[in-house]
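Chain nomenclature is as follows: A, B and C, assigned in order of appearance, with residue numbering initiated at 1 for each chain independently.
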């Protein structure tokens, strides 16, 4: 049953990705303005333009172009970036780790902040503590990551300049890294000075991304915790002598977390979508920042590649959440 | 030790809106004794059990009275000490076995967690103890049961598991909160017999909450009859059935089906009796002021 | 019930504050030429980076100071409100119209209609929304209508998902069955019986969407892709403020406060409207 569920999800995943590819291809091809003309110096002849168009396959029909591109994609060839004149897949893989690290740090923060707030609010239910948590999460939820980023820049970049407000790492540092997972690798290499520098750059964009998600987790998890805490098996655990915190962590949390989990999956894709503008805001050299440059430069192959990678990331996250849900729920596992 | 196992003195509790749910309840449970608390739904019998165990809903507040567990005044202990005392000396057999087990944890850890984490036993001793108890409640394949999730067991099996877990820590007092109400009639009898048998063998005192006078007759030595949060009559079980003193007790008995002639004697609790009780309680409420709170 | 009532009571003052701010900002935007103290486009290098009125070095008439080209910040914010509100109303209504219609169809008719619409929603949800919007504006060319179209195109799914789910719930209710037995046509039932019951959700989402549209417009201006570069927009002012943050913090602070108040107000207003219209909560 688990396998069947997995296969069905895999099929819908493929359909979704194909749809994304079609949509982005069509959207880009209706663009007025000739990307080739932008690449050439003024005074280029028509023959030069035609030659370059042929080189990038732009002289064929849209349908032909699409299937040429798609067959390349299936073989792992995403084409060549027009503005950077490099292999698209290489460019994407070069930038993706920065975005993934940012998104994962933000997710961990959101879970930590939101989870703590939910547990605290559930333990202190009916008190001023809970009311305070409600107000804080309501506010955090209503303000999007873009604005949180600006607020943080003002507070901790200008007013109390403790964090760096642009870039991924201080440019004067010598980086010994062989992969693009700087944060991860700095920890493995025990270069905690570099870890700290990376974190100082990452912290504010990560918090900006994390706050709305933390608010959702706090609200949803607190609500389901409160529902679970009235159930008989929780009462029984209290009689056994466990403290309220132990009761929440051992008995209630897992069952209350299941409904939250599905939503966190969807929200994590929103968080990753948010990296596009937040990276721009903090001049963080990730995939989203490169995507905006690609759009401004009308770099069609690069835009297609980046959008498709984002889409792949999103469907993979949804798949993972779905499978985790099935695994954590004993009824589904044995059903 | 001959200290009274549980002593409740003048316990009163109110809802958030000021309505009284317990009215100066006093009762005592001696070591090894089964005390039934009987009354209609809403009479407050479950509230008494929850008050003793410290698991009243947030909306209910105790405004006066003392509860002594083996001579220790629960109200005078710190919350942590109270929790530990309740965890080591008491246990609960809950009403609904379908909701009283955590659906996402296996049965084994749910049965042993108190022994290991509160009483500080090692895992092996806890495991042996649990297996011994499972045998006592006539579960023949303990390996399978301990590895199961709750939804893989029937209601009767789950109630056996809960009974075994309650007796495992050798508590001095068990609160049994309508432990047979949610079960099929045939299973009810087996479970009741099981509780009675384990109670005799282990010598545990039980505060047995029920609405069913038939159950009271089978299991308890003493009875407190509750109406609207007030103990209206208290007696030895045999004496109560032989000669009920209070009109409400008599009305309740008349409303209970007898196994010999189930339909002949079945009639609702007499209206006039209830009206008289209501007036009596209203008068008492007007005169009542909590000592503190 | 009790909790809902408590939330509603708590929303009282917040509803007034939110509505008050939105009304104030809207009126200022409508009558911008009358209320703005300066010409928002007038540059004066003699007046560059003037601080707000309470600081030393401020000039009278330039209440919130000026930017690095000497343009009056307050006037630019007031004129920027015009674009923000036009985008908010137009984009939110467009997204609502498309999304709610498709949601009603998917939820009420089910079957193939639902399968196709749901699949399209899935595809849309696999796009990073901001990148999608930037891409669309780049393709359509900068300008007010491009921004509105882009926001409607990316955000109709929000309406579609909610309305589809609610319509499905409503369609199973007895009164819909009764209407069918009474001989009403399917579209007639959908519009007469189902639609009124999902209106509270639509209204709340509409208000929420207006706040989101304001943000997306600001993001598009921020990456310099919104309207023409001449017209002041909140996002454009923020982009300038981000660049001169160490020299003139006020160029970032005031548009930021304006945006936050506006977004918070729209979401609070939506919540309050939902509470008022929802027959269950009422």
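Assume contacts are C-beta pairs under 8 Å (C-beta built on N, C-alpha and C of every residue); 3 or more make two chains touch, one makes a residue touch a chain.
In this text, all values refer to a predicted model and were calculated from it rather than measured experimentally.
Asker: Among the remaining chains, which ones contact both subunit A and subunit C?
Answerer: Neighbours common to subunit A and subunit C are absent.
Asker: Which chain's mean C-alpha position is nearest the mean C-alpha position of the whole protein set?
Answerer: A
Asker: Would you identify the chain whose Cα-based centre sits farthest away from the centre of subunit A?
Answerer: Taking each chain's C-alpha mean as its centre, the farthest from subunit A is B.
Asker: Which chains share more C-beta contacts than any other pair?
Answerer: Here the largest contact count links A-C.
Asker: Counting in whole Å, what is the centre-to-centre distance of subunit A and subunit C, each centre being its mean C-alpha position?
Answerer: It comes to 23 Å between the two C-alpha centres.
Asker: Could you state the distance in Å from the CA-based centre of subunit A to that of subunit B?
Answerer: The separation of the two C-alpha centroids amounts to 52 Å.
Asker: Using mean CA coordinates as chain centres, what's the subunit B-subunit C distance in Å?
Answerer: 57
Asker: Could you list which residues of subunit B touch at least two other chains?
Answerer: none
Asker: Over in the complex, which subunit A residues touch subunit C? Could you list them?
Answerer: Listed in rising order, the residues are 12, 15-17, 19-20, 23-24, 27-28, 30-32, 139, 142-144, 146-147, 150-151, 153-154, 157-158, 165, 266, 269-270, 272-277, 280-281, 288, 291-292, 295-296, 298, 303, 306-307, 310-311, 314-315.
Asker: In their shared complex, at which residues does subunit B touch subunit A?
Answerer: Residues of subunit B touching subunit A: 50, 53-55, 57-58, 80, 83-84, 86-88, 90-92, 94-96, 99-105, 110, 113-114, 117-118, 149, 151-152, 162, 175.
Asker: Which residues, counting only subunit A, touch subunit B once they are in their complex?
Answerer: Residues 125-126, 230-233, 235-243, 250-251, 254-255, 328-331, 334.
Asker: Touching residues of subunit C toward subunit A in the complex: what are they?
Answerer: Listed in rising order, the residues are 119-120, 122-123, 125-132, 134-136, 138-139, 141, 211-212, 215, 218-219, 222-225, 238, 242, 245-246, 249, 252-253, 256, 259-260, 263-264, 267-268.
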